[in-house]
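The following pair of complexes shares a single chain, chain A, combined with chain B in the former and chain C in the latter.
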Partner chain A sequence: MALTEQEILAGLGKIINEITGISADEVTPEKSFVDDLDIDSLSMVEIAVAAQDEFGVEIPDDQLKNLKTVKDVISFIQA
Partner chain B sequence: MKLGQGAPAARILAFGGYQPANVVTNDDLAARLDTNDEWIQSRVGIKERRVAGPEESEIDLAVQAGGKALAASGLSSDDIDLVIVATCTIEAPIPNAAGRVAHRLGITAPGAFDINAACAGFCYALAAASDAVRSGSATNVLVVGSEKLSQWVDSEDRSTVVIFADGAGAAVVGPSDRPGIGPVAWGSAGDKAEAIQIKDRRSFLYQEGQTVFRWATTALHPVAKLACERAGVDPSDLAAFVPHQANLRIVESIARKLGADNAVVARDIVLAGNTSAASIPLALSRMIERGEVQSGGLALLLGFGAGLTYASQVIEIP
Partner chain C sequence: MSKDRVRVVVTGLGATTPLGGDVASTWSALLEGRSGIRTLTEDWVDTVPVKFAGVAAVDPGEVLPRPEARRLDRAEQFALIAARQAWQDAGAPEVDGDRLGVVVGSGIGGIGTILSAYDLYREKGWNRLSPFTVPMLMPNGSAGWISIELGAKAGAHATVSACATGAESIGYGIDMIRSGRADMVVAGGTEAAIHGLNVASFAAARAMSTRNDEPERASRPFDKGRDGFVLGEGAGIVVLESEEHALARGARIYAVAAGAGYTSDAYHITGLDPDGKGGTEAMLRALKNADLAPSDVVHVNAHATSTPLGDEIEARAIKDAIGDHAIVTATKSMTGHLLGGAGGIESIFTILALHERIVPAIANLDDPADGIEVDLVRGEPRKLEGDQLAAINNSFGFGGHNVAVAFTTV
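Right, the complex of A and B next:
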């Protein structure tokens, strides 16, 4: 069964909080990782790896650089 | 034909470390490159590193660290019959480093060879030394990791010059009645060989940071756990975890996944940068010197780097 946007968002919020210390409440779909959340490329790799464990979807490095916002990641996981 | 008789087990008698005198701070680098202290500390965790001048070679660094380990071991140069130098940054590949290091330390006619397994080199060399003692190929072995990365790094490349540094670390391995060096868990991933490379003799060191970071934070904690399993040691029984000092975030990520809750985690990169094959013995010698770890405790070593290569084993702290 496919996960809903809300379920993925909640999971991402938890992962981002664990890796960066940013509050899960801050993690909303329209936020940009770099500009709004101040997350660097290495943290993005850690988030991608944790997301793979959580959602079972691999996000390769060459795809990762195209995922600018939280919504982009949710869409990638849902696709 | 008959076989030689080795010792029942091998152990580490002593460590020694050496860094060149010249300290390069993040502010020193920021003064001439587009980088800054906050960026460097947050990405790689380094505050300062040491860089050797033209008058000091990787051989000189190895002699300093090797001499310290030998002195601390209580053995004399006459007792050593095998010298192994782990290095991937030797200025000229002929002759090897080990023979020259042995000669400078007054070690007469030992077996002498270099190992290139990049940042995993020390753990590979330690495994070879342990096996040599146990098989009877050697009685006491001097193992040195020595690197002068500064001569292979582009001083204008901010992505590498902030990370890589110079230094050396050494250990003396000798016979023992009970195991002091556990079985090695080692391997390689040649499919990712291009992720860290010096392309040809006119090129500088290049690293695909994200590829290496992803590999290091996902593929290596199982290797570390396997080394524990092979030694019959639970990660919670480790007094220290000493992974290669590649990047503080990699160190902390692997430590978290390992679950070595009672272990002191080496964070020597903060003051030493990434010194490749030297980083593990350099970190351990400093941890012992500062009393951060006690003699008799168990430490898990984990080397990993270009190749890509990796190796891990449990040791008893001398």
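Right, the complex of A and C next:
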């Protein structure tokens, strides 16, 4: 059973809050990790590692750098 | 004191220890003679012969925000908490970062991270490791984080000399200011090593107390019944400052960090040279470095870890260096042994003893060992009389490191 966008968003919000302290409410699909959420590249690695555990999806480094927005990650996990 | 030399003073104190989450609670617990040692409940306790330790009274996870805590080894968490307290205590001044240094070391480093990351790597693979694994396990991590926190750009250093680390850091900090490299230095030591492997390793060295039925009574420096040291954890960090800089900004001054002395035993990798000359000479060098005479010293915070051999050798070393007039305490009887953090917190206790003119009593000293010819504080804390007072903190470490730091009243 694939997860819905809302379920993935909620899970990502929790992960991003845990790692960066940013409120989960601020994690919305259109947000850019770098420009809007001020998340640096090492934090993105932490988020990717946590997302792998949470959603069971491997995010290779060469793919990670293409995931610019929250929506990009959701789409990657759903694909 | 030579007129051409910069005087270094102490203007801030910070600590988190088995007795309390800050300096004030730790100090009042010491004066009350309370123990910070308790029975451990971790799963691994069944696999080791020592089942108690001095666990930090306040868990750092309760103090630090979660996003920050997860990027720090526990030793770094303690260090950052203590450094922030010390900096606040110094008035959190606006200073030139190019003139601010950090010297904070650890005896072992991020051992908790090393072990848990190794497990994770073996179970789940390299790509599950935190990208912060390296800065969490490196022993200079605390110094680096504190330098970032305070914008300290005059150099961030991490001395590593086992249980002498904290004292050596403070000595190094004094030198940084005297040599003109910095106006202020945040200096001390940290340790978080209450883990099955560490306990097993120290037990394998036959260095630890196994008084499992009476944890609070296990750390008993100078007592006939002592049977080894008791592991503790936490950090102690001070703010050192040139007197000129401190006076110019109207800072509160606790004491003068008058000098430090160092020797190495070159004898045995874990045992003290039985003649105690390494300790004696470290104290004498500290006095020389501080322009003090043995008769000036009214108080010694002994390294005294509660091991059968070490305490007696140190008592002889103190008598040989200073004489029998100084009031000697051994605060590890209450905090346990913080390893790399010990010299940090015990320097703070020495500074507070001078500042408050009172010396905490040695806990569990029911029956002093034979042949100890120094004035041990028993029962109740002892007042310090007089105007111009000097005191010494001793810290000795595996590897044969002997460090003595001398402080005086302002």
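In the analysis below, the second predicted complex is superposed on the first by the 79 of 79 C-alpha atoms of A that agree within 3 Å, B and C clash if a C-alpha of one lies under 4 Å from a C-alpha of the other, contacts with A are read in each partner's own complex, and residues count from 1 in each chain.
As a convention for this text, a contact is a pair of C-beta atoms (placed from the backbone, for glycine too) under 8 Å apart; a residue touches a chain by one contact, two chains touch by 3 or more.
Quantities reported herein were computed from a predicted structural model and do not represent experimental measurements.
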Which superposed partner A:Val49 touches (first chain B, second chain C, both, neither): both
Chain B versus chain C as contact partner of A:Ser23, first or second or both or neither: neither
First, second, both or neither for A:Thr4, with chain B first and chain C second: neither
Touching partner for A:Asp40 - first (chain B), second (chain C), both, neither: first
Contacts of A:Gln78 with chain B and chain C, given as first, second, both or neither: neither
Touching both chain C and chain B, counted on chain A across the two superposed complexes: 42, 45-46, 49
Interface residues, chain A side, partner chain C - complex: 18-21, 42, 45-46, 49, 52-53, 58
Chain A-facing residues of chain C, complex: 65-68, 70, 127-132
Residues of chain A touching chain B in the complex: 40-42, 45-46, 48-49, 61, 64
Chain A contact footprint on chain B (complex, rising order): 42-43, 209-211, 213-214, 217-218, 249, 253
